[in-house]
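Mind looking over this structure? Questions follow.
In order of appearance the chains are A, B, C and D, and numbering begins at 1 in each one.
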Amino acid sequence: MNRRHLLTTALAGATVTALPAFAQPAAIQVGAVEILTGPAAAYGIAIKAGLELALDAINLKGILGGQKIALTVEDSAGDKNQAINAARKLIGRDKAVVIIGPTLSNEMFAVGPVTNERKIPTVGTSTTAAGITEIGPYIFRTSLPESDVVPVTFKKAQARGMKTVALMYANDDAFSKSGYDVMKASADKLGVKIVATETFGSKDTDFSAQLTKIKALKPDAIAISALVEPVSGVVLQARQLGIGPEVQLIGGNGSNSPKLGDIAGKAADGMIVGSPWFIAKPDEVNQKFVAAFKAKYNKDPDQFAAQAYDCMFIVAAAIERAGAADSEKITAALAKTSFSGVMGPFAFTSGRDPASADGVVVLEMNGGKFGIAK
Amino acid sequence: MPPWLDDFFWTYQNLVYALGVNGLLALSIYVVLAVGQLSLGQAAFMGLGAYSSAIMTLKFKLPFLLVLPASCIVPVAFALLIGGPTLRLSGVYLAIATIGLGEVLRAVYLNIDWFGGALGLSGIPERAGIGSIYGLLAAALAVLWIIGRSHIGRAMEAMRTDETAAEVMGINVPRYRLGALLASAVLAGLAGALSAHVSSFIGPNEYGFEPAVTILSFALLGGIGTPIAPVLGAWILTLLPELLRGLADFRLVFNGVIIVIAVLFLPNGILPFRLRRHGRP
Amino acid sequence: MLGQQLANGLILGATYALFALGFTLMFGVIRVINLVYGFYFTAGAFIALYLTRNLGWPMAVAFPAAAIASGVMAIGIDGLLLTRLRRVGAPELASLMVTLGAVLALYATATALLGPDIKRFPASVIGAEAMEFAAIRITQAQVLILLATIVLVGGLLALMHGTRLGLALRAMAENPDAAGLMGIDTIRLAALVSFISGALAGAGGVLIGLNFNAIQPYMGEAMMLRGFVVIIVGGLGDIRGALIAGLLLGIVEVLTAGYIASGLKEAVAFAILVAVLWSRPAGLFGRAVTRRA
Amino acid sequence: MSVLLELAGLTRRYAGLVAVDSVDLAVAPGTIHAIIGPNGAGKTTLFNLISGLVTPSEGQISFLGHSITAAPTFRRAALGMGRTFQNIRIFGGMTVLENVLTGLAPSFKGGIGAVVAGLPALRRAERAAIARALDVLDLVGLRAQSDAPAASLPYGDQRRLEIARALASSPRLVLLDEPAAGMNPAETAALALLVRKIRGSGTTVLLVEHDMSFVMDLSDRVTVLNFGRRIFEGSPAEVRREPRVIEAYLGPKVAARLAVVAQ
């Protein structure tokens, strides 16, 4: 008794700000946990932009006969504990019936068990690591896992004559490590010989030792799984050390960013990456999305914004089909999703991952810009 | 319990756990500061406790009652490795060696598959709770309070004030220093094990430089006159970002500024009381 | 390949030595482990970036300007943080703690203002063109780093051992009270040491930023661990020791990454640190620096 | 035992400077033994060598018949060696009584376990320690202030508190480093009385002092240091007559001026 009393006293301050939000919700509450501050904020901000752009369109008409969706985006700052706190607040305080996010796979490993235990459907838009949806039956993702994208890229490289490959990856984040696992599996499956496996840290600036070693082994290709900033650093240093265009550079999902061209410039020319989405994809839905995004935010959307944009529609459609703002029904409805958005046709597998990788295209850097690889 | 209260506790459950765990971490830095030393290895010790306990639970399926005390072993071993050579030297050596420790252990977790690499360890069952966390916090507080009032507490304060004079009084300074560092490793190891068993996932990037500095700011804000002071410091610094959302972006700036202000202007923290121990029986 | 790897190690080691110079000087003279040092390193790189990219200055002018600006910044910040502590005779650890808090706040503020992204010098100023001698490729920026390290170490040693100022600094290092009694203005000398150390940090930031061409607010923190290893292995306050320890560490790290496993770089640095602490706590080349009473 | 503390060829070198140069010294039990010499003669370094704060470059120290050359400071204290400092080093945040209790640290045998268990033996030790501390405070005349914060005491009282702290564990030998520095004549006279009382209670006194009349009135034996070397040893009367001593103080101009300033 005494202990509880102490706790309540300690939390009395928290109540002051929290109580008003405990009043009953006016609209259908959807929560999102994204990284809005800190070093990885760029991803969360892009996702938030995509979600809100979609929400504008959805709330124009409303769902369930005119009800609006209220989207609350909480910041996780990339921190596991803040992500858990945010998800708990969205569910317990704001009564969110669906959670979108969190941004990073590592955060999902912490948040997923909490939301799954509470039976709140949780949809990742950018979590590509292996094992995400195995957390539980309420965990979904609309992002294509690397295992669907990388093999397409590797096949392209093989068609260009790749027989040996050196693999490099940042070993300090789950995303890059998962990407590497997939690269290794793809190479093995295609019969491409892996001549070296080298690691680095996401914040490293010196890759000379690893690249010197790789250069001496003369591989046909170098495949790199990491976020775009270290990838740019690796590419720049590879050129300095005299690794020329005869070596095919292959990027993972992290390299699929216009920043690669901005940072590495011509050094990145010839690098190929697989992508579930491409800004210049000619279909009408995509072109409308790109135009609307530019009009609202005055910049080009990236892959993360596009994935989030589709996800918001998928969630809204599931609520509509569920017929009520009820998490259990929404979960069931989500599983039966059949949707066509900017990424192409979309459905979930029975394991709650995206069903089809048909939309994957291989892009190639040329003059600092991505285009469709020939 | 009415449903809204239930929701309330569910919502803030993680925060309630964090208050308890951070209280233990504040005590862990307190015991080192109380003998006039500075260790920045608290987060690293916590990580060692978290990883070793998670592995015992996940891979060896040991019961939590065994895992919890055993989670101190590895942090204590590392405290001996670092403390052995540095505690005989001037205080800056311990500080520097412990700053490095967190970064290096991160590299170790990342490079050894057994630790899950970048993916960390997930699926840790929820074995700890309010009872174990606050029970241990209360026990630690009580023990430190009693020790603080005894001749040991007197010796610790003497060392903190003037190490040379304390040694001339016959106080075995190196032994107290090592004892404090080991106690600190035990407390941080326990905190790590408890936090791992309430959050289901631990990753290699959670125990580096910044959490170490945050833990230091707990004690510097509260002061180290009594063991309760650093715990209150921890609670304030844990609750503030939740109360003032705008502060969240500047949490690190805030923690840093607290350290600067505390060292320059409030050497005794915001709770500048000390234990009475003139001790007439 | 071994030749290239040794060259890589030498260059990496030179960056470590360059980084550690001012750090060890500061401890050597005023007995302060100044953790804000890493921030001056960041500041130097950002100032040079601003001068070259936004104002279009040539690097030859921007480089000394950035070093001087970092030095001036160091006088201000160190003065604010350390003067009061020195006046009240606070213990060594107090200054370590205050600079720790300050550097955390400074990094976080810089990140909030400048953004966390990696920024790069424009291609025209970096000197990334590689030259090749005997199958070893080395860029202009790397040659510059090697030269700068040699010049700065030489200059610093000449200052400390060949000038009256150096004599005063060494007297202050031995015994600040006695130095004060002998009429040495220790407050002004401390400010001067802050300036030299800050300027060295800034210069290191520019050169290392040029070499890896990756500038971001936390770049100083990333160097700090290596900085600690270098100054302890070299002996706290020992300039020559820092040079040798820096080069050694760079070569060992590159050889580890090149021939054993690239993930072990940090662990090797730390293993060296612990081994030195256990076996030769005063540094590989030093005498005991435990000061008591 | 005829010798309590013995130094043989004790030497301490710093870079380019010999602070203490092969000093031999024997302190007889039950005496008041003074060490004098001009500023910079190495007196404080010698004290630091004896109490273990500085390690000797060469030479031997033995105390109560044991070699303590390599013993850490706290062990020397536990063997029965107390000391005060030239610049007062009391624990300012503690009360007067707590300061003196700190001096009784070696008399507590229990560790953390005993403290937490609250063992009766430990409580008895605490009670005995408090009684002893109050006695010592009586001796120096500070009993009335025993609960005051030590930092609040006036200068002269702080010196006496430091002496009380050094005496708390009834050491065989106490080293007093310039105990009369900064005291007025009345306080100095009271101090002389106190030092005699200390000797009377069975504690040998080794002291460094600049106040010549204080030293000459009080000491049984005087050792004179100059430039780190022992230049003379004898009774106060012998010292007064010894030309080498007079020269050391008055000969070189600078030394003479400094000695005067110090007084």
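Some observations on this one:
We take it that a contact is a pair of C-beta atoms (placed from the backbone, for glycine too) under 8 Å apart; a residue touches a chain by one contact, two chains touch by 3 or more.
Keep in mind it's a predicted model, so treat the numbers as computed, not measured.
Taking the definition of touch as given, a chain qualifies here only if it contacts chain A and chain C alike; those chains are B. The greatest centre-to-centre distance from chain C, using averaged C-alpha positions, is reached by D. Chain-level centrality, scored on Cα centres against the all-protein Cα centre, points to B. Each chain gets a centre from the mean of its Cα atoms; for chain B and chain D, those two points are 40 Å apart. Centroid to centroid, with C-alpha atoms defining each point, chain A and chain D lie 72 Å apart. For the pair chain C and chain D, the distance between C-alpha centroids works out to 45 Å. Rounded to a whole number, the gap between the C-alpha centres of chain A and chain B is 34 angstrom. Multi-chain contact residues of chain A (touching two or more other chains): 171, 199.
Among the residues of chain B, those touching two or more other chains are numbered 106, 110-111, 164, 249.
Shared contact sites, meaning residues of chain C that touch two or more other chains, fall at 261, 263, 266, 292-293.
In the complex of the two chains, the chain D residues touching chain B come out as 51, 53, 72-74, 77-78, 82-83, 85, 89-95, 97-98, 101-106, 108, 111-112, 115-116, 118, 122-123, 125-127, 129-130, 146-147, 165-166, 169. The part of chain C that touches chain A in the complex is made up of residues 1, 4-5, 8-9, 11-12, 111, 116-118, 120, 123, 128, 130, 132, 137, 139, 212-214, 218-219, 222, 253-255, 257-259, 261-263, 266. For chain B in complex with chain D, the touching residues are 143, 146-147, 150-152, 154-155, 157-158, 161-162, 164-174, 179, 274, 277-281. Partner chain C is touched in their complex by these residues of chain A: 38-42, 171, 198-201, 203, 205-206, 208-210, 212-213, 215-216, 229, 232-233, 236-237, 240-242, 263, 265. On the side of chain C, the complex with chain B involves touching residues 27, 33, 81, 84-85, 90-94, 96-98, 100-109, 112, 221, 224-225, 228-229, 232, 236, 261, 263-267, 269-270, 273-274, 277-278, 281, 289-293.
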